[in-house]
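Going by the order they are written in, the chains are A, B, C, D and E; count residues from 1 in each one.
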């Protein structure tokens, strides 16, 4: 069990790190998909089957597509503009800040005595139970999420849609 | 494993248990620690072998059937290869049934051309992944009463999650070719696949609503039984199920890029779209994945609308369930081929208009219909008739209205032919 | 209603499917090597050279190596070398003849211009379409002896056209013979006149 | 080390990877992806605590992750639409050059 | 046949459904939209009648049906429906009047391109009003209240292409919103101090004894009882919605909407909502009456505001020339009456007057609409005239409405309801000033209504359009006739001799009538006053009707200054623009100044300072010392840059700061607070 978790962690972290340091945006997007798939595998490992498949459907199926489309739609006209790190200085600053956060978090995790140390049997949460929970105590949140998704869908369409009105500059 | 235990207990006829018994007999021979692995490997191998062969014969069946639909005979020449070392000559051509193997040999021995500027890694990965992803979906289909590779509680969700992963490979193929036409075609294909994924899922949701489960096993089981001993309780024999099945068929056709929705490939117009830069075995892999996808979608359609592995009439119950499944699968594939031989390719604007103005609204209305159906579950007697009439009205009314609106100002068309 | 067209279409193809099994009339194709569809009257593949006598093809070629076809061939697939001497042709008239006459069928596009232009009705279009060879250079380069086909063969593939050509040639020959006979008669008369009277009264051309 | 701690370490490190990407990369899309990773790291935490928490029957962690995935989808859609809109006007998606509102 | 209280929601739901149908229907489905609206309204009327039947079976009972809306923390948000005689009478009135107005509208709006939207908005408006009536929760009431505001905004600005209509809609919306703020505050305060917003909840509601007692016993700022403070805040909402002084300014401007809208707003729905609200929460408003020591009773304020409004409205109405504006100010004045009645403790009289007023004011407005429609949208009474002969039905019904409003004795409903109010005001112990104001308003009311009728219907036609005016079709006249019947008949439900309505509203099982002449003195006084008003009006306007278009008004000739001021509505709009408007503008300016110069300046200054120091240093170095200190000056310049770079506009650097800040904070916690 633990070995599988470690392997998964290496896969997730490795693909995330490589993805976010590549210069080729398409490659990084595809690697991130691998990372998301790894996270889905982690959910499977933890016994959250439904969430794993939802993660697969949403991230691997939908968000990756949106990202890839966005990358293709915003490709720079000229290749002269560098797309890598804005500057080494900024990268180092970010690394220092991020490393600090990582240190704090890791220290906190390692330093906290956890009461639950022995893992119990994998809890069974059937789809029916999840559905009952969603429609019962969490129905307001479900409704709000529905509204949010509708609004964001409309918003995304409005934002990304071509404007038909041409500004005078464009015609020059 | 409850189904498995039941099968071993011998409450079912021998034929029904035969595959499991065969597997167990083999697994017993091996040392205990490897049994678990071998158990699963056998399942995988069985799926690969059965559906690999099924794919092979689907190609020849498609070619022969298309021929018949067009008053031709189709390929009927390729028989047994004539090796000179053999002492005798087998003269019969076997109706050309060995054509797929000849094709496979040809595809394997063809030169594999990779464009110089291509992204070599992705160009290689795309066909590999597309086959892998399309095979994933077979894991949750109940091929028979006891033949479910993986029993999942949320099997339908898994099916669509795995199915949507193939979109990535389309993109990879188009992008890795470093050919602007391939890329554009990949974008078109993606747009089509994504926009038909919505109606596909929406047409499945009513079944989930009525069956109250995402598990394919439960859904197939729920369709057992007969009314008056003759009409099976399949979902397709209810008004909403019939409508849902038709919507599912259309969406599945579009989702698997088959005629009349094959415009991303459009081999006669676009030199195969995003597969332009693929040749030889890689192309064959894409071809294979396409057929696997079609087979998996047909299997899903059978499971959720056509009663899964259930026999259509009670007195034929002795035929093993997996045989029924395969028969239905052959029927579905045959129907798809029939449609391909009949209908013309759509234009992209017609395709999207059909999706958004017709299929999606109808699927939503059908969802309401299913809700009505499951709310009125306890209506009996004359009320049962009322239930049917109302449900049928909810199907037919919107269909006629929306159909009229879809055709408004467009029909009848006038065609002009070249005069001879 | 929407969908009725689809159903009609499905019905048509279903009828095709069923009909193709018991109604051979429906079949659009034939089982080729065993059965062949008849070729049309004006079907043409590659050129051939007509000879008068099947027993001696090269000796009785109608071709006189005028090289009109060589000059007019659009893809330039004909190569001709004239002979140095003359041989009598079918009518007995001494003519040049081709020492080399090759057509590269890998290049030939079967336009039939050569056959149309030939003033001697020598080059005609064949109907053989199964031209295969194991060598793409020499195998498809047809020599004089491969090209020469008898008039009887020509009659067998294009009876109407061949009959017309034969009739025309026969007429021409007849005319030529009569002319020759007349010329012979005139010659004889002139000789007789010469013999009869020492100074000739009229030049022979006046006759 | 218990599996729970491993999970938490994984999520912390993943969070920091996302954070560094969001801080260091100049491309707006990658910054967004970094933010997505941070969200995912949070989800891992939810699942870990659901798995090893006192009463997993309630399923709160799972439900929270489901909502979080929905929100992430909305965020990605709107965020990338914004990126495309910005690109259309500025012809660049370098974050450093999109600073018109600079004080 | 009784209506279960749990089905009361059907009354507002039906018009809401009609609004939904109209909203979703294509633009061309005019008949569908109008038909749905009218059918829904008539169905709602039938259900209301059933509800009235149910309520009257046991007038004293408060039938409630409460339900949980959703869980909030430990408790639950609960809403509910209420059915008592007050609700039932109001529902019947609203649905009846609204049905007639809808039918009238099909004729009036026939030529309008946005016919469909109009019915959608009308239905929404009616639905929201009915929602107010059946709500058993101040929160639900507030939601519907705001919906009414929204619908009124849409309807007043229906002809939004006219700038004046758009402005009027905005004005109505914003003005009422000022009052609504008070209502919202009162609502929150109430929820905070009682933990519930339900009116009646089996002893736990806010209008029941337990809650009222605790509210009245607490004291807040200035020695006021909490109930008084909450009551006054709720009254703010009523002031806004019912067009009371000082928030009455929007009401006359609301005349920019189509006339049926004016009828609906002024007769049945929007303005009635305020009066209804106070009547509904009357137990809360009157909870402090028993306390002798408080400095102010909520109802006293209500009474004075009502009296001021009644007098003010009546005075201004005298000098208005727009037929609808006269009616609008008369509505302001009549609402003042109702508030006065509420304030002096006779809420039944207020509701009685509300009901009768709804009928005759709807009648007057629809009559005015009929006139306007016939005269090709001419609204100026100076340009009308002589319509008596051409529009007989309109004239007759309009005259009935006018007499009812003026309080012509005995036959007309207005007389009885006004009489009840005057009677109550007379008996009020606190002060007689409101009573006096009401008496003056009686004279003025009779006067301006006489003027209106005389100018509009008598004399000769003064313009071409008026010349060709003719009676309208049946869809417009039949509602007038029905309303006229109501305007006459309704009064007999509540005569002092047989006060059936009052008894039912109060929940008394039996009707205790008084002999008609028990308070004959007061009645005689009011009859005399009405006669004076009518006589004066007739003397000035009726006997010598206006002939010329530009003839000066006789009153204006007598006192030009006063009439001009009144015509200008006593300058309230200007006053508000000059004070409140300017205050807000000034506030915005100040805030802008601070933002731009003080805060922005400080930031820029810091950056500049650093930069400046660097520059000075460098100049100094280069000219004086040369070279060696360049490093120092560079560092100064860098510090300046660093200041300005902090405001880079780059989200990533901000993110970095956040991350660093997080690290530092955590370190502090771990190293310092952890131990």
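As a working rule, a residue touches a chain if its C-beta (ideal position, glycine included) is under 8 Å from a C-beta of that chain, and two chains touch if they have at least 3 such contacts.
Because the structure is a prediction, the values reported are computed rather than measured.
Undergrad: In this assembly, which chains make contact with chain B and also with chain D?
TA: A
Undergrad: Remove chain B hypothetically, without shifting anything else, and describe the chain groups still held together by touching.
TA: When chain B drops out of the picture, the chain contacts leave these groups behind: A, D, E | C.
Undergrad: Identify the chains in contact with chain A as well as chain D, in label order.
TA: Per touch definition, common to chain A and chain D: E.
Undergrad: With centres defined by CA atoms only, which chain is the most remote from chain C?
TA: In terms of C-alpha centroids, the chain at the greatest distance from chain C is E.
Undergrad: Could you find the two chains linked by the most C-beta contact pairs?
TA: Chain pair with the maximum contact count: A-D.
Undergrad: Mind checking the centre-to-centre distance between chain B and chain E? Centres are C-alpha means, answer in whole Å.
TA: That pair's centroid distance is 63 Å.
Undergrad: What whole-Å value do you get for the distance between chain C and chain E if each is reduced to the mean of its CA atoms?
TA: That pair's centroid distance is 107 Å.
Undergrad: List the centre-to-centre spacing of chain A and chain E in whole Å, with centres computed as mean CA coordinates.
TA: Roughly 51 Å separates the two chain centres.
Undergrad: Centroid of chain B to centroid of chain C, CA atoms only: how many Å?
TA: Chain B and chain C have C-alpha centres separated by 58 Å.
Undergrad: Scan chain D for residues touching two or more other chains and write them down.
TA: Within chain D, the residues that touch at least two other chains are 19, 23-24, 95-96.
Undergrad: Could you tell me which residues belong to chain A and also touch two or more other chains?
TA: 50, 54, 62, 69, 90, 93-94, 97-98, 101
Undergrad: Can you pull out the residues of chain E that are in contact with at least two other chains?
TA: Residue numbers touching two or more other chains: 652, 656, 659.
Undergrad: If we use the touch criterion from the header, which chain pairs count as touching?
TA: A-B, A-D, A-E, B-C, D-E
Undergrad: What does chain A use to touch chain B in their complex?
TA: 26, 30, 33, 49-50, 53-54, 56-57, 60-62, 64-65, 68-69, 72, 126-128
Undergrad: Taking the complex as given, what residues does chain E use to touch chain A?
TA: Listed in rising order, the residues of chain E that touch chain A are 70-71, 652, 656, 659-660, 662-663, 666-667, 670.
Undergrad: Please give the residue numbers of chain A that touch chain E in the complex, ascending.
TA: Touching chain E: residues 90, 93-94, 97-98, 100-101, 103-104, 107-108, 137, 140 of chain A.
Undergrad: Would you pull the chain D residues touching chain A in the complex into a rising list?
TA: The touching residues are 2-10, 12-21, 23-27, 29-30, 33-34, 36-37, 40, 43-44, 47-48, 50-54, 56-59, 61-63, 65-67, 69-78, 80-85, 87-88, 91-96.
Undergrad: In their complex, what parts of chain B are in touch with chain C?
TA: Residues 65, 67-73, 338-339, 341-343, 399-400, 402-404, 406-407.
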